[in-house]
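Two complexes, one shared chain (chain A), two partners (chain B, chain C).
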Partner chain A sequence: MIEIIQTPPLNTVQDLGRFGYRRYGIGCAGAMDRVALAAGNLALGNDANLAGMEFQLFPVKIRFDCDIAIAITGADCAPTLDGRSLPPWWVVNVKAGQVLTLTSPMSGMRSYLAVAGGIDVPMVLGSRSTQSRDGFGGFSGRPLRAGDQLPTVPGAALQFRDSFGLGIQPPDAVLKGGYHSWAGQCDVILRVIPASEYEQFDDASLHAFKTASWTVTVQSNRMGYRLAGPSLQRTTPTEMRSQGIVAGVIQVPPSGEPIIQLSDGNSAGGYPKIAIVIQSDLWRLAQAAPGRSLRFSQVSLDEARTARAEQSKYLQDVARLSSYCRFSKAHS
Partner chain B sequence: MSGGITILEKPRVSYCGDHGLLLEAEGDLALPTQERIWALNDVVLGWAGVLDTQPGMNSLLVLIQNDEHDPVEYHDRLLRAWSESQSGRRPSKLLEVGVVYGGEGGGDLPDVARYHQVDVAEIVQLHSGAEYTIFAPGTGPGFGYLFGLDPRLFIPRRKVPVMRKVGGTVSIAGAQAILGAPKHPNAADTSPTGWHVIGRAHDVPIPFDIARDPMSIVSLGDRIRFRVERLDR
Partner chain C sequence: MSQAMHSMPSVVELLRKHGIDEFEVWDGASHFKLVLPPSEVAAPVVTAGAAPRFTSSSDVEVTSPGVGTFVARHPSRSEDFVAIGEVKQQGECMALIQVGPIYRPVVAPFTGKIVQALCSPGDEVDFSLPLFIMQKQTTI
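What follows is the complex of A and B.
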């Protein structure tokens, strides 16, 4: 059992998402930074898709009621365990009664806590993710509150050989990401594939889309990010029919300022779509705080495939390297 | 006036990032076309490597398990399956819903009447005189996107979304209509929308509940009629 002692609203239990229920209009939900959650799980010897906690508001205080191995990944939230400071991207054994404290990250947006065996909330419609807007999944279908007691899997405590813990190499150290000739040092580059209405935009808008930078506004959350930047316009604005949409879609409402739909976004919509962020870059967006500048870099499906292969190799390496540092399940 | 919508002469398939494809059907919105979309949906769901599918208005979204497959593999196959897809009637239910048009719950009715330069009563008559068919799932579990809006009620979406109270909303935009589910106890009172809310269905049933079997009271192809309970001017 894990007890939430303190949490602001909007922190939730998530796995890698809910698929197979779009016929009801149910979107994917799931961790915004899927790479961080998957890496935490794999470092613990879990399946990548087990449920963990996503923290996007701080401070958070958690007490563990059992011995258990945990992984803290995502944005560096200066974790402390009983007051002892832990490095970011860290795996460690905790003892029953210990208290973990997480504070607002200096950079990045979302931190993840994975535990050996996963957070044992019920599987609802094929996933343990919180479907906040429909009120099911995760922990009681809602964000976490102080006093919540989250079930863990009995006997899942894996003992790491070194009680000090084990580091995980963060993905930004390994995954190079896209290239944009105009990008500054701090710009987040998102690789995109043109979407169905791309060709309807006028030349000036397409040029701006490829070259300009967009700022993440404060109207950005798990549903989607609203961006500020040059206005994008179609040559002939027409009414659209409503269609299914995916996380990462860059929609352009008549105001001309793009919206990127994300994990808790609409599953359908009728705004024109200029492009779609490749799945391998959604974690970069998940960590882009309001004020960060984004640039879009158009890539081919081949390049997107290479990016997926790199990401999958990174995650395999996380799993392999951490496996050397664990006692085998039989031994523990 | 029914213009303002791009109508494709030929079907086309575009990519939805690196994990999906969107098939858009040729022609205008029509029941036989949408029946073919539903039939295609059932076929594609059975393909290896397909993670999920979602019918849209005249379209089908297909999500691919891209760790082992690539959307490219499905491009031509999807177009071919579309050309082979047949229309056919399915058994369907009729749901009748009482609506209070205008007033506080349907505050956009006067604007819609002004846009079409007619009296609000004519808008109500045209809207309640039609039978609507659930064509595609909506933005969340509910009554979906409805086909059947009288072409004389075509009205563009708002340029800037506005905040409107949720729960039993009766709205129109473009050539489409929607019926909102009752407000969920945990949901916010208002939500942003680019649609025009012309009425309110106060006794609308809860369309979706994971604890119920079946979870949804409506299926694609079911029909909805709006009965005028009152017109508030």
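What follows is the complex of A and C.
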């Protein structure tokens, strides 16, 4: 059991998402930074898809009621265990009664806590993710609150080669990402491929889309990010029928300011789609806080596939090489 | 295979010496795997003053827990884990040893002052190679 001692709103239980129900109007939910959650799970010897906690607001205080191995990944929230500092992206055993404290990250936006065996909330429609808008899944279908007691599986302590645990190299130090000739050092570069209504935008808009700096506005959350920048317009605006949309789709409403649909995004929508952020870059977006500048860099489908292969290799390496630093429970 | 069995004692000795706890080799039809229990490969962390009593202020080498690349600063942080002259508490992380995307921690074996760093970031280090010189605190 894990007890939430303190949490602001909007922190939830998530796995990698609920797939296959979009046709019924049920979006995918799931972790915004899927690489962070998957890496934490894999470093614990878990399946990548087990449920963990996503924190987007801080401070958070958690007490563990049993000995259990945990992984803290995502944005560096300066984790401390009973007041003792842990490095970012760290995997370690905690003892019953210990308290984990997470504070607001200096950079990045979302942190993840995975536990050996996963957070043992019921599976609903094939996933343990919180479906916030519809009120099901996760922990009682709602964000976490102080006093919540989250079930874990028994015997979840692991034996590590080093008692201090092990670390995971964060993906931004491994996965090189896109290139944009105008990007500043702090800009987040997102690789995109053109979407179905790309051709309908006028030349000036298409040029602006690819060259301008786009700012993440405060109207950005798990549903989607609204961006500020030049206004994008189509040559002849027409009404569209609603079409299915997925996380990463960049829609342009009549105001001309793009919206990127994300984990809790709608399952369908009628705004024209100018492009889609490749799936392998969605974790970068998940860590871009309001105020950050984004740049869009157009890539080919092949380049998107290469990016996906690099990401898979990173996660496979985390799983394989971390296994040498863990001993199976048979040893303990 | 009988040859492999014959040389097993020296293989075990080599594994212990280099801090390796699992060894596996395929040779055509034969397959040889040796796993040592974790307790047998503990690094000789403290080379002086066996008892945890602080009898005198002495310089002690802190050694690497394994083979890999020496990392002095976490890529998500703006400062190194330790600064020369800084006092670290027993059990605090002093550096990382990286293999692929995985880090092993170098942990302070006792509370003491960092006197000297013996490695630079990016150095390839071997098991039990000295990484830091720490000075035991005589008074706590």
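To be clear about the criterion, the second predicted complex is superposed on the first by the 330 of 332 C-alpha atoms of A that agree within 3 Å, B and C clash if a C-alpha of one lies under 4 Å from a C-alpha of the other, contacts with A are read in each partner's own complex, and residues count from 1 in each chain.
By our rule, a contact is a pair of C-beta atoms (placed from the backbone, for glycine too) under 8 Å apart; a residue touches a chain by one contact, two chains touch by 3 or more.
Just so it is clear, the structure is predicted and the values come from calculations on it, not from any experiment.
Participant: Examine A:238 and indicate which partner it touches, taking first as chain B and second as chain C; both and neither are also allowed.
Facilitator: first
Participant: With both complexes superposed on chain A, which partner does A:166 reach: first (chain B), second (chain C), both or neither?
Facilitator: Second partner only.
Participant: Could you say whether A:153 touches chain B, chain C, both of them, or neither, answering first, second, both or neither?
Facilitator: neither
Participant: Touch test for A:321: chain B only (first), chain C only (second), both, or neither?
Facilitator: Touch partner of A:321: chain C, not chain B.
Participant: Just chain B (first), just chain C (second), both, or neither: which does A:66 touch?
Facilitator: A:66 contacts neither chain B nor chain C.
Participant: By residue count, which of the two partners contacts chain A more extensively, chain B or chain C?
Facilitator: Between chain B and chain C, the winner on chain A residue contacts is B.
Participant: Looking at A:84 after the superposition, I want to know if it touches chain B, chain C, both of them or none. Which is it: first, second, both, neither?
Facilitator: second
Participant: Tell me which partner A:99 touches in the superposition: chain B (first), chain C (second), both or neither.
Facilitator: In the superposition, A:99 touches no partner, neither chain B nor chain C.
Participant: In the overlaid three-chain picture, which partner chain does A:267 touch, first (chain B) or second (chain C), both, or neither?
Facilitator: It touches chain B, and chain C stays clear.
Participant: Do any residues of chain A touch both chain B and chain C, and if so, which are they?
Facilitator: none
Participant: Sort out for me which residues of chain A touch chain B in the complex.
Facilitator: By the definition above, chain A touches chain B via 19-27, 124-125, 133-136, 141-142, 192-196, 238-246, 248-249, 253-255, 266-270, 276-280, 301, 304-305, 307-308, 312.
Participant: Using the touch definition up top, name the residues of chain C that touch chain A in the complex.
Facilitator: Interface residues on chain C, with respect to chain A: 21-22, 37-38, 65, 74-77, 81, 91-93, 96, 98-105, 107.
Participant: With touch defined as at the start, can you tell me which chain B residues reach chain A in the complex?
Facilitator: 4-6, 12, 14-20, 22, 24, 29, 41, 51-61, 63, 66-67, 70-72, 136-142, 144-145, 154, 156-161, 173-176, 184-187, 194, 208, 210, 215-216, 220
Participant: Touching chain C in the complex: which residues of chain A?
Facilitator: Residues 43, 76, 84-89, 107, 159, 161-170, 172-174, 314, 317-318, 320-322, 324-325, 327, 331 of chain A touch chain C in their complex.
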